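Next up: some structures, all given as structure tokens.
Two complexes are shown next, each including chain A; its partner changes from chain B in the first to chain C in the second.
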Partner chain A sequence: MKSNDMAGQKVTSFLPAGFLLVVMLPLMILPLAAVFIYALQEGPKTFMATLTTRDALFALRFSVIIAFATAAVNVVLGTYAAYVLSKTRFPGREQLGIILNLPVAIPNVVVGTSLLLLWGPIGILGKFLEPLGIQPMFTAFGVLLAHIFVTFPYMVGAVKPVLDDLPVTYEEAAYTIGASRRQTFYHVVFPALRGGIITGALLTFAHSLGEFGATVMVSGNLRLQTQTAPLYIFSQFEGGNIAAANSVAAILAVISFFLFSLILYWNRKRESKKAR
Partner chain B sequence: MRRLVVLLAAVAGGLAVVLWTVWPWLPLAKNRQSRTMVIYGFAIVEKTLTKSIFPAFQKKWKERTGEDLEIISSFGGSGTMTNQLIMGVPAEVAILSTELDMQRLYRSGVLKTESWKRLPYGGVMNRTPFIILVRPGNPKGIRDFDDLAKRGVRIVHPDPLVSGAANWAIMAEYGAALRKPGAKEAQGKALLLGIWRNVVSQAGSGRAARTQFENGFGDALITYEQDIIATTEDHVSTQEAVYPRSTILSEHTVTPIDKHIKPHQRELIQAFLDFLWSDEAQMLFVQDGFRSVKERLNGANPRFGVITDPFLIDDFGGWGEAKRNIIDRIWKDEVLKELKS
Partner chain C sequence: MIGIEGISKRFGDNEVVKDMSLTVKDGELLVLLGASGSGKSTVLRMVAGLISPDKGRVLLDGADITRSSPRERNFGYVFQNYSIFPSMTVAENVEFGLKIRKKPPEERQRQRQRLLEMVGLEGLGERYASQLSGGQLQRVALARSLAYNPRVLLLDEPFGALDAKTRIHLRQAVRNVIRQVNVTTIMVTHDQDEAFEMADRVAILNEGRIDQLGRPSEIYYHPITYFTANFVGEINFFAGTVTRVVREGCEIELAGGIRVFRRGAYPFAPGMPVRYGVRPEQMTISLLEPKSHENGISGIIEKNLFLGDITRYAIRLSDARLLDVRILNYLFMDGMAMPYDLNEEVWLIWSQGSGIILADV
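After this line comes the complex of A and B, so read on.
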């Protein structure tokens, strides 16, 4: 806020903000409020009771673990992909970039089905694994595979622009003083990327936490085994347990709010560093 | 200094979250390994299984072997669950709405034999009749299936292409007409035509149709009696039940999926299947509004309505024949085509 005032371009005005609020109220804010109202409708005791059932606790824990694992894998894979796309030149580079971003556009259900048709017991490759007793689908590993797939673009999207903006002269300077490619990456490129990587990791985490379409296909929706929090919410809704569904939904909403606040905080810190 | 405190707090908070998350998987004494069993079921039986049947069986198994049994389960529309099973979900027991879905599992190779037939009662776990739900006070004066064909009655019906409940409902409608003295196929078809002319919405599952009706849509709904008994217990009803003179008793079928059952699991699965037909389990079903396959237990629930002339799918030669001859030929090829033209 302070820097804005000092820049002298933005004035404090309540009218546009008020208008935005009126528009967003029925679109986003009220529906979100409904989640909390229904979650707490029968009192805080019921809220806690529905949250602490074995199924709900498992679903929340399982979701957090999968989100951590997804973020960990994609930090490595996504950063590497962004580096290759940004810093190297080869035929088909742009097409590859488009393919890596496809998961944003194709429905997650399709991702789930395609994984199932590839690795599932009757799938193209799964057919050959099944007799060996290897079955990645309907397990935690299958869920992880699906999440890595659908969240991949968020890591690349967070890191690649930073890499694109990184002046080549820094790297060239490193090379001229005799640094190897690897040394250059660790000492010059990586520190510059840290903010992008953290943002990307948090985004990946948040998307993984909320993933539904692909998970419902590859997990088999097995409670206490592969049921993530969003699947739990859906199952409880289907079964008519509105309160149980909404308490877990409320927790997910709070976690997401917290995660995106962190992202905002990190970005602002980066901006202020840059300004200095 | 302040930075350090913030950093420490962040690290401590992070550690707490991680610890809480992985807690059940930590190798502590109380987290000892337990036996597991995987069950796939259709939506309507979810509540009774998870709240009554599973806990009772877990207790029994513990008494018998000392082992803690964990039951991994999943529930959804019968057709959806069947599709998932065909895709290879490693369930050891399947509980489905109609024998039609069992036959699909058999045809697709998930079941090597018609394994439900070797269970008691041909694999039928429990039953519930199909009845009509109307608005309070019955403003349209609906007394039986015939009245659903009257002009101006708006019917909410699940979609027979994906819903087990919808297939049962069509058999109930057609069958009710055929049970009249001297009635032939023509009368059955005529009633289907009349009812389906009034269908204003086709929901994806019996449960979804129910939700639409509860939200005020339509004048009548054809649904499971169990659903009404189970819901009116804890809700103020916006509907009342009408019991037709003749209607079908739906039969919900169980099968073990032999190819997913490892040798060391056989005893457990067999014990579970035996338990399902024990008086104890059948009584739990009765308490939740399902009718037991053991007729003598059904007196225990005073909420069961009276059906003068109940019938079964076997009266139409079983599901294979009923699907070919009635659902596919009469309803889909004749009634639907006539309505569209």
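After this line comes the complex of A and C, so read on.
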């Protein structure tokens, strides 16, 4: 809103940008470039050939489906969690908020092992399911469970601040006008959250797409069954199949670039709407 | 008619509203005037059903609505921060109450047009909240809360977030609209000018209780408590003792030994301790002694402050206390210096028909 004052003015200067580039070149940009260089090293034909193997196609498709499912579950569950944490008061609310954010700091491998220890065939709960023929681990469902776990904080993190900033009087205004709780959520709260939900969904999708640590534990890395794209890349690389690994990696990089561009676009749109 | 019967509300250890009772007549505009923490907004929120009282009842035309939800009450509520839904246009905001009530589109549109015209926003229906000024947003809020013909209109510091010029302009506009639709209204404010300008009756709130309830002139000229006398306008108070009570009025000896007379019937007896107050604009400054039908006290001009329409003087009395006096500047002649100099000895004179006497409790 206060974009007219001096502090809001940005200077055009190439020196800081140049310095940033020098630092980031070996850190990020060259490694990313290497992915594409190696992927295309043996020509576009090989690139396409490695990409269209049954395993590669399955891994990419499986990853995208899991990412969609993860985002979908998070949109509902994460928004609900953000609403409860932001709008209700109950003992232990802050502690719950911290716990929900823990997956950001815990190594994903640990998340994977704990899921295994809980739901695996000899796990605390899994051993009761095993005789019933239910086995969540080493299945697509297990992978989804792990992905929801590790991406949940990103969804809550995108939606809760928007809710925190939404004055309670908006809801009260709707109530006094005669709206029910459901109508108030649908007409007043949800539209205000839309930007946050979209950002959160895209972030969740992107994180799920690149998830490795937890997936490798809970999936069993079974090709054509539970092998996600990152797992495929790792397996191919270990087998010395550099070109195959890098062609899938290149596709992942392109999808991610596209996704984060979308997130940026959405946030800009939200900001400009606020400032209008 | 709204009745509030002995309501109380406590937040933690803090009892914000204490056994308050009040009646608002049909078509009346009642203002709850109080400082922050006086409980005025809490009362309004209880009337709206946004919070429920710990004790007491809220009545609408005699029916108990204490436990009714806001949506069952069919009241309008205008918030200090406007709370115009940002995802809807102005038109959609105004129509929201009718949409919820499943009114046909033609009726919604007709009512929306009528109200936007009434609040002076015709042609702005397609705008969003982010494209409007604070004053315009509050006009939208008023239109939105009147669109569904509420039984009662509640205004919670509606001008509190606006700049001074807009505030004055808008309160006249709001007052006119309320008159026009003739809706029973309760407004909450901490601003005395606002309260006096808008209200049929004003309730002065002090720490969760009603200190005094009456028409603005009653409140101003006949405050019944020391709190109200001080809260509304400014006043110079003296400690004093009743010395004589006659049919025409009573005489009081002030702490400095000066005797003043107040016309009117008072239930006092000689010897009673009282507080005697006189408002700064009720006094004039003179070089001549007061006449027999006037009250007067002499002092020395210690400060003068030119404020445009008025000049404020601080007068030091013989007992060392300072009195506040305001003189309208239209009495002064063009080009003339202020007629009274600093350190000049003058008389303060006021009518025996003005002055406020409160039993000293």
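Some notes on this structure:
Just so we're on the same page, the second predicted complex is superposed on the first by the 268 of 276 C-alpha atoms of A that agree within 3 Å, B and C clash if a C-alpha of one lies under 4 Å from a C-alpha of the other, contacts with A are read in each partner's own complex, and residues count from 1 in each chain.
One rule holds in what follows: contacts are C-beta pairs under 8 Å (C-beta built on N, C-alpha and C of every residue); 3 or more make two chains touch, one makes a residue touch a chain.
The structure displayed is predicted, hence computed values, not measured ones.
Following the overlay on chain A, a side-by-side fit with no clash is recorded for the pair chain B and chain C. In the overlay built on the shared chain, the residue A:Ala192 is in contact with chain C alone; chain B does not reach it. Look at A:Leu100: by the touch rule set out above, it reaches neither chain B nor chain C. Of the two partner chains, chain C is the only one that A:Tyr175 touches; chain B does not reach it. Legend: residue contacts after superposition of the two complexes on their common chain; A:Phe58 is shown touching chain B, with no touch to chain C. In the superposed model, A:Leu203 makes contact with neither chain B nor chain C.
Taking the Cα centre of chain A as vertex, the centres of chain B and chain C in the superposed model span 160°, given to the nearest 10. Once chain A of one complex is fitted onto chain A of the other, the partner contacts of A:Pro167 are limited to chain C, with no touch recorded for chain B. In the superposition on chain A, contact is made by A:Gly220 with chain B only, not with chain C. Of the two partner chains, chain B is the only one touched by A:Pro121; chain C is not. When the two complexes are laid on top of each other via chain A, the two nearest Cα atoms from chain B and chain C are 19 angstrom apart. Applying the stated touch rule to the two superposed structures, the chain B and chain C interfaces on chain A have no residue in common. Interface residues of chain B facing chain A in the complex, by the touch rule stated above, are 17, 20-24, 36, 38, 43, 46-47, 70-76, 84, 86-91, 207, 231.
Contacts from chain A toward chain C in the complex involve residues 167, 169-170, 172-180, 183, 187-188, 191-192, 194, 273-276.
Residues 58, 61, 64-65, 68, 116, 120-122, 126, 130, 135, 137-138, 220-225, 227, 235, 238-240 of chain A are the ones that touch chain B when the two sit in their complex.
On chain C, the positions that touch chain A within their shared complex are 48-50, 69-71, 73-77, 79, 81, 83, 85-88, 96-97, 100-101, 128, 130-131, 141, 144-145, 148, 154.
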